[in-house]
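Both of the next two complexes hold subunit A, though its partner changes from subunit B to subunit C.
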Partner chain A sequence: MSSTRNRLVTALLALWTVLVLMLLYVPILSVVLASLANTRYMRFPHKVWTLDAYRDALGQYTTAELHLTSLKIAVLVALIAVLLGVFGALAFARFEWRGRSLYQRLLLLPIFFPQAVLGLALLLAMTAAGIAPSWRTAVFAHLVWVVPIVTLVISIRLYGFDVAQEEAAFDLGASRLQVFREVTLPALAPGIVSGGLFAFLLSWSNLPLSIYTTGSDTTLPLWLFSRTATNYSPLVPALAVIATGASVLVVVAAALALAGWRRLVARRSA
Partner chain B sequence: MTTSGPILSLVGLTRRFGEIAAVDDIDLEILDGEFFTIVGPSGSGKSTLIRILAGLERVDSGAVLLRGRAITDVPANKRPTAMVFQSLALFNHKTVGENIEFAPKMRGVDPAARRARALELMDLVRLPEAYYARPVTRCSGGERQRVALARALASDPEILFFDEPLSAIDYRLRKMLEVELKDLHRETGKTFIYITHSLEEAMVMSDRIGIMRAGRLVQIGPPLEIYQQPRSRFVAEFMGEVNVLRASEFGVAGEGWLVVRPEQLRPLAPGEAADVVFEARIVNDYLLGSRKQFHARADERMLIGEIAVAAASVPGPGEPVRLGFDLGDAVRVAE
Partner chain C sequence: MRQRVSPGLLAMLPVMALILVGFALPILLVLLYSLMPPRTFSLAGEPTLANYWAAVTEGYLLPLGWSLLLAGLTTLLCLVLAWPTAKALVRFAGRFATLATILIALPIFISESVRLFGTALFMMPGGGIFAGSLNALFGLKIGSILYTRTATLLGMVYIHFPFMLFPMVLGLSLVPQDQIEAACDLGARPFQVFREIELPLALPGITVGTLLTFVLSLGANAEAAILGGQAVIVITKAIEQRFGYAQDWPSGAALTVLVILVTAAVIFPVLRRLDLDRLIRR
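Moving on to the complex of A and B:
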């Protein structure tokens, strides 16, 4: 009796899980399906299944240029955000100082602005300052929004960190720099990796800030948005799939690099 | 180098946090090779004091001398001392071996010599060689204690500081480690300065004990002297449960208090005499292995006594009893 009920509960739970997963992945799947058509209008199933859109996407110069622009911005954003995030997190969670709680609030404020408002504000400020918008200003705009998030991600590592470890290293003869390199940085490493990935992906996929701040340069999300609005063809979903693949590649590469580094460290110490 | 002189001298050492003096004008000399324990309740300033000695906390005034040379402003990484922290502060991302080799590595010792030294120390603190490559996060509580100890010893310190490292450890393991620490002190011949809130722990290990209260050392002496001749109520009560009685109530001239240990307050046989006698009633009793401790009420006064289980039949809870002690057994304290 009770085993029948258990089986029923298990079945319902499995059904629920599948439904939630479908909610998450069916829209993404529909992009893949749309990219395999040769018509501007989605009518499923397709009359003709084709990879023409991919051939076109890979054949034209725009694809590479869009990827390059987005990559350039995202890599710079990730690097700068991690650098600022590490020291920002130390100020956020490691040290007690006057004005810390004000700093904590001010730092997080940009996250609460709607990005469209933030983008407009940045554009107005830059115009007033006489700075021409380009991919470089987009880096700055993304940083305004991404740095608080990266700082938070790294701070979480610091909250679980026993500060006495730094004192112990100092007590055992390490210089301040050695303490940072030998103790603080390794403790922060997982936060730095996940913070960096966050920064990359948030920048890579950002539309609202880029709309205002890229000037004549075009990022992938920008191109996808404008082509969907004005001149749709299966090229759009094809490029979307390629761009998604690229970001997955970055995450996998980062995970492999991290695992490789860990193995190297382990072998060196063995 | 004289072996009998003080290795560490504290002169008028003071450290304030706002209005409160955590360390208040302390003078102290610690002898070379001594096991000195500072005992005090939380908030007495003992942690601040040991952090000053290690170079991790600055002073407001006063001086610290190492073999007569002032080291007051020398930072922790330049002092020939090492601390075992309360949290142990092991480097969680490193292995047992890497933890122990940290100080030699910072000093630029080559890997082979470092490793040899680490294995030697692991043997000294009774860690199996197989633990060398094990992450410290996979070690038990007792093993982590040993790693922390070996790591501190690896810097070849002249003085080892201990900031309550055993406070979070269960009773049996703590007892074992106390004895091992005392053995280690004898084997290495180094100066150990230990702080704890447990006088019992201090008694087991120390050559001398300093009792700390509100930033001051209120009594310093060998364990037995502190136990037998407390100089104040505070020290006496810190030793454990005692009876503190106003001296003037018992025909002793002058102000002050009589401290009577539980084992000195005995149930009297019919007709047996004592300098001070209470007609009391047992409230409760509990067994301490071979001895039994009891609480008794005499009028409004609560008394605590102790008796060997084998010695006599002690009245049970609720029964009347005559309790007595001799003035010669009581310790007189002024405050």
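Moving on to the complex of A and C:
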């Protein structure tokens, strides 16, 4: 009896999960469907299904400009966040020191904070300090939120790191820098790569911080946000698909590069 | 030999500097501005509580109330929806769960504006994806909930669901399966297992998910802007109007401080007790 019940529960849970997954993708599918029209007003199902909007989007200067702005912000955020995150993670998970527990909690504060409110606070602070908001200040705003996340991601990797490896290298006469470069860093590499990807994607897709901190520069999410309310055309969903596709491309490229690099390292050490 | 500074202390310096300048300092500035006379732009004025008084008397507690209500409902709905999903992900540990986890996590990296825009396209009346399909397939004409508070709430649940789910999965995976089996063998009913074993052991994860969902949705404004139309003004929008359109920094700062106070009131008591090493270490 208990096993039939068990099987029923299992089946229901599986069904539920599939349902949740479907619901999560309905809006994304809707964007794709909407992009395949050529009318200014949404009239689904479309009379004509076409890729015209994509051709228009790809031919526009705005598309390139928006991607470029988002890209330079996201790349800078990823690079700086990883650099700071490695050290932040060492302090978080590797070293035992007085104040570590306090530091761990302080680090979490920007994550457990309404992003838009952080954006508004930063806007006020920047304006008061006479700094004009631009894509550069957006980089800084993203960092405040992304660096703690990247630090956590790398820390998770660090918890699984065997300290004895470092000690062994020291015993064999390696210098502090050598140990860091040849033992600690390679062990952290997967955490660094996923931390970097996290940073890139979170910055690329961020809306609540960008709204208040980019000034007159416009990122992709910002442009989409402003165009959903006014001036709709199939160009808007088409650009949303292109922007999302671009970020997928970056992730795939990074994954391939990592796989290639791993093979190279494996071959060299073999 | 001279006393060496602990390497942990050195390593945390860059991150702490960032948090000080980019987080603590802006909050301090907001706090100071909130005490300045209304409609002034310098910090040299005589400190006053006038902005807080104005926030209460001029109706700005209403947006804050809406944000609190929406955040509370979002958290509640996410809790109810995430629990069975988390149980499924933990129970089916293996290929199905991994695939499902990846599929649930992926949309986090698709911009909020894209996902909410999609929700609006789906909900749109007449020629929207849902209404249009129903009409074409079954000749059914239906109304729409787009531009209502309900739509705003659904959008908030949609966006914040993963933030509830993943910490919950983390917490649930800490519950040893043999303890549940032992309880079942001893004749515990499913509800007893839930209340006496799963809930207490998974509590750290559930707490983190609840906090994250509540705090993030407290500041949510894109949902109300894209799905809510003019139906509801959330606190972030109200602050934005004070800073921008009204050019009244101190008044906007006072509202911001109120949100920060609510956030701090829910975050600090929990954060103090949380054992991070245990929750994150695998």
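Here is the rule we go by: the second predicted complex is superposed on the first by the 250 of 270 C-alpha atoms of A that agree within 3 Å, B and C clash if a C-alpha of one lies under 4 Å from a C-alpha of the other, contacts with A are read in each partner's own complex, and residues count from 1 in each chain.
Convention: contacts are C-beta pairs under 8 Å (C-beta built on N, C-alpha and C of every residue); 3 or more make two chains touch, one makes a residue touch a chain.
Owing to the predicted nature of the structure, the values given are computational and were not obtained by experimental measurement.
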item	value
Contacts of A:108 with subunit B and subunit C, given as first, second, both or neither	second
First, second, both or neither for A:25, with subunit B first and subunit C second	second
Touched partner set for A:212, first subunit B, second subunit C, both or neither	second
Subunit B versus subunit C as contact partner of A:141, first or second or both or neither	second
Which superposed partner A:71 touches (first subunit B, second subunit C, both, neither)	neither
Touched partner set for A:42, first subunit B, second subunit C, both or neither	second
Broader residue contact with subunit A after superposition on the shared chain, subunit B or subunit C	C
Partner chain in contact with A:175 - subunit B first, subunit C second, else both or neither	first
Interface residues of subunit A shared between complexes with subunit B and subunit C	none
Residues of subunit A defined as touching subunit B within the complex	162, 164-165, 167-175, 178, 182-183, 186-187, 189, 269-270
Subunit A residues touching subunit C - in the complex, by the definition given at the top	2, 10, 13-14, 16-17, 20-21, 23-31, 33-34, 41-45, 83-85, 87-88, 90-100, 103-118, 120-125, 128, 140-141, 143-144, 147-148, 151-152, 155-156, 159-160, 201-202, 204-208, 211-212, 220-222, 224-225, 228-229, 236-237, 240, 243-244, 247
Residues of subunit B touching subunit A in the complex	54-56, 75-78, 81-83, 85-87, 89-95, 97-98, 102-103, 106-107, 133, 151-152, 154-155
In the complex with subunit A, residue positions of subunit C that touch it	6-9, 11-16, 18-19, 22-23, 25-27, 29-30, 33, 41, 43, 81, 84-85, 87-89, 91-92, 96, 100, 103-104, 107, 109-122, 124, 126-129, 131-133, 136, 158, 161, 184, 211-212, 215-216, 218-222, 225-226, 236, 239-240, 243, 249, 252-253, 256, 259-260, 263, 267, 271-272, 274, 276-277, 280-282
